[in-house]
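What follows is subunit A paired twice: with subunit B in the first complex and subunit C in the second.
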Partner chain A sequence: MRRPSVPALVVLVGGLLLADFLIVNESLGQLASIVVDLAILVAAGAALAAVASLGLRRSMDLWRRRGDPLGAGFVLVGIAIILVAGLRPGSEGAADPAVRWILVALLIPIGATLFGLLFVFTLLAARRSVASRDRAATLLVAVAFLTLLLLLPLGGDAGAWLGGAARWALEVPIAAVFRGLLVGIAILAAVFAARTMLGIGPRDE
Partner chain B sequence: MSDRLGLALRAAPIGLVLALGVAWLLPEPAGLSPEPRDGGTAGRVTATLDELDESPVVVVGFDPDVGTYPEMRPVVRTLLAELLERGARIVIVSLTPEGRALLLAELGRLEAAAAPGDATIVDLGFVPGVEAALVSLSRSVAAPNAPADLATRLAASGLGIADLIVVVGGNDVGPRTWVEQALPRVGSPPTIAVAPTTLLPELLPYVESGQLDALIGTPIDGAAYRAAADPDPAGVAADRPVDRLALLVGVIMAIGVLGQAFAGRVVPALRGSRRGERP
Partner chain C sequence: MPNVAELVDRLVRFVGEVLSASTLRFDILTTLAVLGVMLIFLQLVARPVSRWVTRDAGGLGGVGRAMALAAESGTDAVVSLGAGGLVRSTDALARLQTVAALPILGHVARAAARSGVSLRVLTNDPLAGVLAAATIDASHEATVTPERHGRSRIVYVGEGRAVGAGLSLSAAARPAAAVAVGSLREEAQLYLEGLGGTAGALHAGTADAAQAPAPIMLATGVLIGPELYQAPADLRSEVEERTMVTSANRLIGVALALIVIGSVLAFVGVFDLRAVLLGVAPE
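And now, the complex of A and B:
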């Protein structure tokens, strides 16, 4: 057992929250509230730290002319614009009209455009992966091809048949594979949690 | 690869985008999925809403992501419009920054579209911590901007005052998080979820087990619900419907590109095997 403090903390907090969930007790509830509020504060602090770290890293990129200075400049300008709009004197914070305008007129359309471009780049990537003669990639593209046939937005009997087949494909084979993955992930998470609580790390194996 | 073919391949993405743009501008021909195919979703949503009392308190968890929100946006706007038409008092919260950004845009749109004058929309803002935030909100909520009676009830019982919970989910936080962390703590009120299609396999069991009363998880279900709800199309539900001609053109192009790639790989292999060559 290398670091007993971490598993001890996990067991303590987990046990407290579980006890609070099962037992109605005001003191226990208040104690659990403090722990939960602490977790929220830590999460907020981590988010702020991540943004600060991003800003610092991009500032260094810009200062030392390494990586992508132009991109770094855009990131810093974006952070500065949002900060000025949200924190200037008299601002309403996140609900300020200037912040809303930036989000509605810039951020969301740019984000949607980037995701829209995925349509083109995914197709190009699919072509390249098939051209690489990888069997798994060929199988993947073949299944995507069949799935797209089922998703053709047609009317009439043909459209109804395609829609039924698409729904069946989603609810039976795709759902089966996906749920299998989820069950696997859940088992791994449970094993990882148990290892954490028991203080077992890679060095103990 | 010849120069001409190489040039054509390089120009293909531009041609694709142009073709989609032209399809978007052209009028939609008849015969493209004219009737939304309802798998019963619209009925379940309406039945859940019909069971609510007058002026219900509806908690909305709003955490879509920019990538998948466009496929849910028309449904979300219609659902919000229907809730407002039914006199619901909406308490809305985001647990992700991306959800918060999209929520601010929707709230701004609701204000601009002149939501009903007596509409109550309490914005709880962004609460970090996701699971911890849901546990905390289930206990008590500070809502200084809410009407006094609602603020008192929120402070005393948190999200437990909800007559209905609506979860607009995305890839990061969605109905599963709410089902796991919030619903058991607030007495499992009726819950409607709107989620992207990619989440359907993990969410369908919650519908089958009754933990979610209704789930709108595909654009087809969304179209069926919109057709059934039919709130004021010029009001807060206003939205551009999905352009089915552009959708058809996009799907055909994707089929063409993938089919060509697949055929280019498989046909030579088949010819080779017929001639006795090893792949």
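And now, the complex of A and C:
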């Protein structure tokens, strides 16, 4: 069941922001600014509530020995380390060197390690795609293989020809498909955004 | 006490003062162009069901069957809202994909509610989690299954794009079906590998054009690029509407084929269709 108040609010706010975009008016600008600030405030409140809820839930998991106590312990220790580093007396908050060190020395290397798996998983996925004989996936793998051949680091005339073919493939067919996708995405994203703002959708099942 | 006329007079004066204190941010042509674009979009958005496509985008029509299998096997289903979130510090197009994922979550949640399957929703954004909870509430309300509401849960996987991928790779649970829709970028391959490696069926969709290969290689049903925004409009189309669109499309196809064939025949001087169909004398 749709509640008309939500689309009405969205249309009101959307109209206000659109009017502020088109018209220079001090009152209108202040109103739009208040609305944007309110949205940021609500989002920040929701984020804080979510973190508090996460901490509480993990504490209960640890206390009652349910779920994944080890994971809960890691989450709580992580929250505590960042809170201590960012909120201790004299700390510079998110810009504090301790917080930055935690990010640079721990989180980024862990993330990079995870993304290092991409090479292995991409090859495995390609092998499975060919094995499953899915047409789109097989075509994708075949084109990827062809592109790989074009990018072989060969010298001489053959290397120059392959390099030229690779550049042509990048600038003509790949660019055409990619830009076509982007144009389609842009049009339908705008239509979808407008539908969402106006609360327009298909009938309920 | 002012009468109605005075009130209207004051209102008109107030509006006049506001207008006189305002200037256009752009020149008149640009402003008219922006408003014109808005008008065209309003015309486009007024039709909630897309006109030309009647196929089952992303294989989402098969979600009901997957839920039936999940109910039989006693497992759950997983829906990931991608890694864009709604209030995370990422670009607007990534966040819009999370909004587009919510109707798809609603579709899956209704199928899960009917089948009595518990649903796990993965998100890395607290506000997206709140909206996902509201979507699941609405699904149980729509299917009159409030007693099954407690089985579903929202899992906040943590901040960042890598954490969702890490969680999906390390999770031991084996869901019957997994749906990953929303913004998937450099983590797409890992995320889908983790979900698809354990799930019986995997549906994936992202409007991040550069990441199209990951869903194509790993998912059984895919929504690539614009299809992610198109799918919500087609999810709940009535059978009659689809039939009408299919019929109309076929008629258009027949008309186009006639025009092409007629043109070719007329061009080579074999036969002029206009003489038969329209009664126009051959030149």
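Rule of thumb we're sticking to: the second predicted complex is superposed on the first by the 127 of 205 C-alpha atoms of A that agree within 3 Å, B and C clash if a C-alpha of one lies under 4 Å from a C-alpha of the other, contacts with A are read in each partner's own complex, and residues count from 1 in each chain.
The working rule: contacts are C-beta pairs under 8 Å (C-beta built on N, C-alpha and C of every residue); 3 or more make two chains touch, one makes a residue touch a chain.
Note that the structure is predicted; figures quoted are calculated from it, not measured.
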Quick one: is A:L170 in contact with subunit B, with subunit C, with both, or with neither? Answer first, second, both or neither. first
Could you look at A:V141 and tell me whether it touches subunit B, subunit C, both or neither (first, second, both, neither)? both
Per the contact definition in the header, classify A:A47: touching subunit B only (first), subunit C only (second), both, or neither. both
Regarding the shared-chain residue A:A126, is it in contact with subunit B (first), subunit C (second), both, or neither? both
Would you check which partner chain A:A193 touches, where first means subunit B only, second means subunit C only, and both and neither mean what they say? second
On the A-aligned overlay, A:L87 touches which partner chain: subunit B = first, subunit C = second, or both, or neither? neither
State whether A:F178 touches subunit B only (first), subunit C only (second), both chains, or neither. both
Looking at the overlay, does A:N25 come into contact with subunit B only (first), subunit C only (second), both, or neither? second
Name the residues of subunit A shared by its contacts with subunit B and its contacts with subunit C. 21, 43, 47, 107, 111, 115, 118, 124, 126, 141, 144, 178, 182
Any idea which subunit B residues touch subunit A in the complex? 13, 16-17, 30-35, 37, 39, 66-67, 70, 97, 100-102, 104-105, 107-109, 123, 125-130, 132-133, 135-136, 139-140, 184-185, 197, 200-202, 204-205, 218, 220, 244, 247-248, 250-255, 257-262, 264-266
Subunit B-facing residues of subunit A, complex: 17, 21, 29, 33, 36-37, 39-40, 42-44, 47, 94-95, 97, 99-100, 103-104, 107-108, 111-112, 115, 118-120, 123-124, 126-127, 130-131, 133, 138, 141-142, 144-145, 148-149, 151-156, 159-160, 163, 167, 170-171, 174-175, 178-179, 182
With touch defined as at the start, can you tell me which subunit C residues reach subunit A in the complex? 18, 21-26, 31, 34-35, 38, 41-42, 44-46, 48-49, 86-87, 93, 96, 99-100, 103, 110, 126-127, 129-130, 138, 141-142, 156, 158, 160, 162, 165-166, 169, 186-187, 189-190, 193, 207, 209-210, 212-214, 216-218, 222, 224-226, 229-230, 232-238
The answer for subunit A against subunit C in the complex is residues 1, 18, 21-28, 43, 46-47, 49-51, 54, 75, 107, 110-111, 114-115, 117-118, 121-122, 124-126, 128-129, 136-137, 140-141, 144, 178, 181-182, 184-185, 187-196, 198, 200-205
